[in-house]
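Below, chain A partners chain B and then partners chain C, in two separate complexes.
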Partner chain A sequence: MVSLILILIASFLIMGIISRTKSIASGRKGPGIFQPMKDIFRLWRKGSIYSKTTSFLFQLAPTIYLSSVLMAILMIPFGEKPGIVSFSGDFVMFAYLLAIGKFMMIVSSLDTGSSFEGMGASREALFSMLVEPAFFILMGSLALFTGNTSFHSIFSALHYGSYVSYLLSALVTFLFVLIAMIENSRMPVDDPKTHLELTMVHEVMILDNSGFDLGLIMYTTNLKFALYGALIANFFIGSLPLFLSIPLFFLIQTGFAVSVGVLESFNARFRMSHNPEFIFMLTSLSILVFFGVLLILGKFF
Partner chain B sequence: MKYIPVSNHQSVDLKLIPQLSYSEFRDVNVDLLFEAPERHCVNYFGVELDGELHLFSCIADDNSHEVNVSSTVVNPSVEYHSLTALNHNFENFEREISENFGIKYSDHPWLKPLRYPKNRFDQSSSIANHPFLRASGEELHEVGVGPIHAGIIEPGHFRFIANGEQIMHLEMQFGYQHRGIEDLFLKKRKLIERITLAENIAGDTTVGHTTAFVNLWENLSGFIPDYSLDFSRTVALELERIAIHTGDLAAICADIAYQLGNSVYGRLRTPIVNFMQEWGGNRLAKGLIRAGGINFPFTSELSLRLLEILKAFEAGFNEMSGKFFKLPSALSRMEKTGVIKYDQALEIGTVGNSAKMSGLMRDIRISHPFNLYKTAIQHTPIIKHHGDVYSRVQLRREEIWQSIGYLRTLMKSLPDSTTPPNWQLVPEPDKFIISLVEGWRGEICHCAITDSKGELEIYKIKDPSFHNWMALAQAVRNNDISDFPICNKSFNLSYCGFDL
Partner chain C sequence: MEKFLIEIFNLIPFVAFLCFPLLKLKSKGVLAFGILSIQVILSAIVAFNAFSGGGIQYTYPGSWITGIIPVRIDALSAWFILVIGFTFVTGAWYGIQYMKKYIDQKDNLSFHIIAYLLAYTAMVDICIVQNGLVFLIFWEIMALSSFMLIIFEHYKAETLKAGINFLIQSHVSILFLTVAFLLTKINTGTFDFAAIADYTYRQPAIIGIGLFVFFFFGFAIKAGFVPFHTWLPLAHPAAPAHISGVMSGVIIKIGIYGILRVLLLIKSDMISIGYFILTVSVITGVYGVMLAILQHNLKRLLAYHSIENIGIIGIGIGLGTIGIGYNNTFLIVTGFAGALLHTLNHSLFKSLLFFTAGNVYQATHSMMIDRLGGLIKKIPHTAYLFLIGSLAICGLPPFNGFVSEFFIYSGLIDSLLSHHFLFIMFILFIILGLVIIGGLALICFTKAFGIVFLGTPREKHEMSFDENRMNMAPLYLIAFLILIIGVFPILLSPLLSKAVDLYLPNYSLMAAMQLSSILHNLTTVGWYSLGFIALIAVVYSIRHLVTSKRQITIGDTWGCGYTGYPTKMQYTASSFIRTYRKLADPVLLVKKKKKEAIGLYPLWITQETHAQDKLEKWLIDKPIYLLRKTLKRFTFLQNGNIQAYILYGFIFIGLTVLLPVIIDKIIALVNFLNQL
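Up next is the complex of A and B:
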């Protein structure tokens, strides 16, 4: 319950912090941190326009997208407090709930019959497919490390005993940040700011969405960000009492948002054809984590 | 003589231009371009004089610093062999002649409508059913972009044939703007109206096109501009070059999502265009260049101000460029992307930066000097050899440095006279004149013919984009479709300059 409320709060702020960071980094005044959320509220007050070539799928998809992410959030624990839903192997369900949402968005973008959106859908499908092994190898390694198989038990059992495990946790955090960047279609894989349809990944898939639906999709993106931030926070919260862990949670979320903003300010994005290579690199790094765990547990030989 | 050599903006009697038979005309012009990289076609157009259709071909020769003009008379009801079949330099020109006058070519490889003007010969051809090259087969797919541009700048349609993410072919189709500028030049008879038209041929090349017009008009009227006029035009041209090149660098940074470069280059452009406003009251230099005089003389206060602005600009520009040109993520996007080789550039007949990036020397400032480029400024063109996005970006950076240097040189010899514009310039009758100016994008060519009363018979405008769009189409082949925007931006060609 705690995690759901905290993630909802964080989702209202995270996009604003990213855009604020980017404004400051480029020497602009920029909008206030509530502006992205104000835009979403503005969209929610509007109706939607549907193209005649689309079917019910197109109208259904944004809602399913939002609900899939909300359901995934239910599984996120907060330190020692379990998520609303918690069972053995819940991280598998978590991954595929997110995948359902993504699948619906892909199908709905194909539904519009636009060649742009088709290209975006194929890119999104490819990148999501490639990033999946990285996530599972990471979660599998953590499960092996702690001997548990649910988010809650993994995170509450996560204690760092040796230097190697500190190294591992740093690596895991780094990988999660990058996975979050890919899953949320941010730099360096995708550029959410671009106006050029040919270079877009996620943005081009929602070109035909408008009004309320567009607001839903944009809010879901914020939620996903906060969700990944919460996962990362869980690596550090452990068994801290609430009065310490809640400020720490927001500190980590802010740090996450600021690092995203900084990463997006001082680099150019990748060439589209380099993206798969980059994502493969994440998988190989997560295999490193896996070997590290084997090393710590002495199961290597 | 089969052609007459004329200098840049030197008016000649119309009857001195040799009139050849079509086959001789074709041979002469194709021979001129055969294995001669120093020559290219700057203009080739048709005009109805005394009920007959005359074709004029202007082949610029960079070595002799002259333009070789020849002409022929054709009968629109006869089918001709095209020049394009022998040299692709003529492709767009012949498409234009065919579109306007209905001339049929038996062997033109790509005879499609060019820009759908209102007075086109075949009114049944329409932009809605442009004959695009079609792809067939299971693997290939077509992507149509436009006519509404993603950044809503100008209209143009791009049709890609792609194999997944890889571009196999790109065909562009323009002609959405139907302004009919060349006709307006004939209809609007006041000089101020014509200058205003020239200022608006392409919004980003106000100085370039206006300078081409006033150079042409003054020489057609036998007016010899004094130093102060040449000075202000040269200064304005170099300022425009700095401003637009800096803006382009900002836009290229935006396309590769390099935020810092985008905002810093964007900010650097502002003081330069603001200086234009300080000088002439308009950030795009509208109202600055006038025939026979100038409303806003360049004073010594302005000179001090400009030197101050350039100093601040240079410091900021060098700091930003030091970062941008060393940033691995940016370099990996630009290097080997959108390559045009020397041979391709030569075959297409590219001009300006789109030629210089591939090692092809095309710079009117040295080949057909005008204003102060023959005297106060000894211009050395900057040449790059890789023909990729990075070459185009480097070229911009170095041209900015060069322009700053030129401006500093010019500031050492300020003019003192102040002549108000002379609205009484009267063109001489039965003349032919061609005016070439190196705008920031490349060679701008204006051409005029006057009738026996000294009225304009035709006013022909050619923006560098007329040649260079084809270079973009060739450059993106086999590149990622997601790299198209950065290729497009690195060429930064004009839609309205093409549509006219």
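Up next is the complex of A and C:
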């Protein structure tokens, strides 16, 4: 319950912090920290335009997208406090829940019959497929490391014994940040601020969404960011008491947002054909983490 | 009582066949459907009795050739009887309306109906009989009748070719099985399955493994494990839709039944066998889905997906087998329960997908994905049912595919915590394989659903199909079950636990606890899925409340300033997967034909891609080519000269008579030389 409330609060702020960081880094005055959320609220009050090519599916998909992410959030624990639902192997369901949201968004963008949106859908399908193994191997290594198989039990049993394990946790955090960037269609795989449809991935998929639905999609993106931020925060919270862990949670979320902003300010987007290579690299790094865990546990022969 | 029921079950189709010449075509269909329903009810009664009573066993005396014919119906048989029965009933139900357009081919249709009933009867008998020879006879009846079912449109050369391919491969499968059964017969003197257990228990492990490999190859051809899968992508597009559904749903699963049955019997080095199955399965799964994405024909795509799902089932079986080897109850339970459940689930969603594909074919007379589009407006029910099938086959919650994959994932993740280094590494790559299968399935079905049903039609089709209640009822029934199993998997747990119990060495308290803990997990998953559906409903109703007061405008799709007719500009299936194709190019074999734009005003440029099966080319086409090349040197023997043929006959007879004599002489000579 704690994590749900905290993630909801963080989701209101995180996009603002990112854009604020980016505007400071580029020397602009930039919008206020609440501007992205205000935009979403305005979208929720607006009417909609639907393409005549689309079917009912197009109107249903954003709802399912939001619901899937909300359901996934229910599993996220907060240190020693379990999420609302917790069972062994829940991270499998977590990944598959996010996948059903993606499936619906891809399908709904094909529903418009536009060549641009088909392009975005094709890329999103491929990239999200490629990033899945890295997530599973990381969660698998954590399961191996702690001897547990659910989010809650993994994170509450996570404590670091040696220097190697600190190194490992740094690597895992780094990988999770990159996975979060890909899953949320940010730099270096996708640039949300680009103005050319040919170079977009996620943005081009939602070209025809408007009004309430567009608001839902944009808010879901925020939620997803906060969700991954919370996952990363869980690496560090451990068994701290609430009065320490809640500020730490927000500190980590802010740090996550700032680092995303900095990364986006000083990095250029990859060429589309380099993206799969980059994502493959994540998978191989996560296999490295797996080996590291085996090494720490002394399970190598 | 059960003996009596089974006898009636086997007898009534033949009574029906006797009545067939007297009836009109329509009443033949009705009669056959009635008979099939009675058969299914009878077999279901027997199956439930087997579940509740813990197994049924009786014997027929048999003849001097077969020996005693034992009939044993345990939970495993009962599970498969129920799965087969359901798919055959819905298949027949759907088939009746699908075959209406062939109503003028009276004889062909009557034959089709007979073959359908025969195939069903033979398959149920395969599940219950435990005598090698009788098993092979039923297996042959099933193979022949499914061959007849596939070549319904035998006047098309493609169909006949696919059918003959199926027939040959089925017989290669029978060859392997015959060798395996004969090996046990020679060594034990009986065809009874129980002898296999005795025999392999007493022999060193390597003999058990060898015997298993023979059985596995035989059953793997039927099930479609790579590299024995090559008949599937040919046979499925050739057969009528309801046959494709039944074939993919249950006929290939009889191979899975065979493997599961043999695993119950063989007592050998289960760890090696488990590794073997796991390796084959993960290759099967990944290879199947990798090729599925590239297909242009919707039914061919679904056929490759059957191969993929067989791989997933195989992963479950392999895990369970390793569990037997390591004496790990958790692995046994998750592995076998996952495999059994996925067998059921796949039979549901794959038959649903094939039936909806059949509707698409009826509506447009095309199966080429790139020529379809926008069908959701013409046949909405079919479209949404196809969507449900797609979500289920991708293993997404809240549908049934997720439940069985979750079982297998639980087993895999739990085995990560084991202490064997090699095993952990192996499991890591299995998990990688399973995750990649899931991700690729997502690409594949967003492509299939998105291109076929969404957007605008890419070519003009004369729509000649209406969705009425009769047509759609069986499909809705299947979809309902898909959802129910996804949300309340616990409903199946009594049956599943009975079937899994067979594999547990001795029913211990530990096993019971582990089973209940997994089932408890599944209940949570079920409630959670239900919560997901509820949340969607809540969010949607909020959205409805808010947006109902807002202004809704209908406009064109945004075209970046272009306002012409954008149909030809839509993404096609080939362009949707282009990036993937480039990535997979080194592994797969994609033939590309391109006509470049030449000159200032190029008129017509084309590009074609054909995904070819690399393994088929290497393992089947190439050896056959070499064989033909070798045999061609002997064509001079076939010279059309009748005198020469008579001479061959004499030479043959002479050899058969003389050979034993000559061998005797040689032996005598050798003995004589030895004595010197």
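Convention: the second predicted complex is superposed on the first by the 301 of 301 C-alpha atoms of A that agree within 3 Å, B and C clash if a C-alpha of one lies under 4 Å from a C-alpha of the other, contacts with A are read in each partner's own complex, and residues count from 1 in each chain.
We adopt the following convention: contacts are C-beta pairs under 8 Å (C-beta built on N, C-alpha and C of every residue); 3 or more make two chains touch, one makes a residue touch a chain.
These numbers were taken from a predicted model, which means no experiment stands behind them.
Contacts of A:116 after superposition: both chain B and chain C are touched. By the document's definition of touching, both partners, chain B and chain C, reach A:197. By the touch criterion defined above, A:188 lies against chain B but remains apart from chain C after alignment on the C-alpha atoms of chain A. Ranked by how many residues of chain A each touches, chain B and chain C are led by C. Of the two partner chains, chain C is the only one touched by A:71; chain B is not. Once chain A of one complex is fitted onto chain A of the other, the partner contacts of A:132 are limited to chain C, with no touch recorded for chain B. Of the two partner chains, neither chain B nor chain C is touched by A:34.
In the overlay built on the shared chain, the residue A:212 is in contact with chain C alone; chain B does not reach it.
Of the two partner chains placed by superposition, only chain B is touched by A:264; chain C is not.
Contacts of A:274 after superposition: chain B is touched, whereas chain C is not reached. Within chain A, the residues touched by chain B in the first complex and by chain C in the second are 115-116, 118-119, 122, 197, 272.
Listing the residues of chain A that touch chain B in their complex gives 22, 25-28, 115-116, 118-119, 122, 187-188, 191, 193-199, 264-274.
Note for the complex: chain A touches chain C at residues 44-55, 57, 60, 63-64, 66-68, 70-71, 74, 85, 87-89, 92-93, 96-97, 99-100, 102-103, 106-107, 110-119, 121-123, 125-126, 128-130, 132-133, 136-137, 140, 143-144, 147, 149, 197, 207-208, 211-213, 216, 272, 276, 287, 290, 294, 299-301.
Partner chain A is touched in their complex by these residues of chain C: 373-374, 376-377, 380, 383, 387, 391, 394-397, 402, 405-406, 409-410, 413-414, 416-417, 419, 421, 424, 428, 431-432, 435-436, 438-440, 442-443, 445-447, 449-451, 454-456, 520-521, 524-525, 528, 531-532, 535-536, 539-540, 543, 546-547, 550-560, 566-567, 569-571, 575-580, 583.
Contacts from chain B toward chain A in the complex involve residues 141-145, 150-151, 164-165, 253-260, 262-264, 267, 327, 329-330, 332-333, 337, 480-485.
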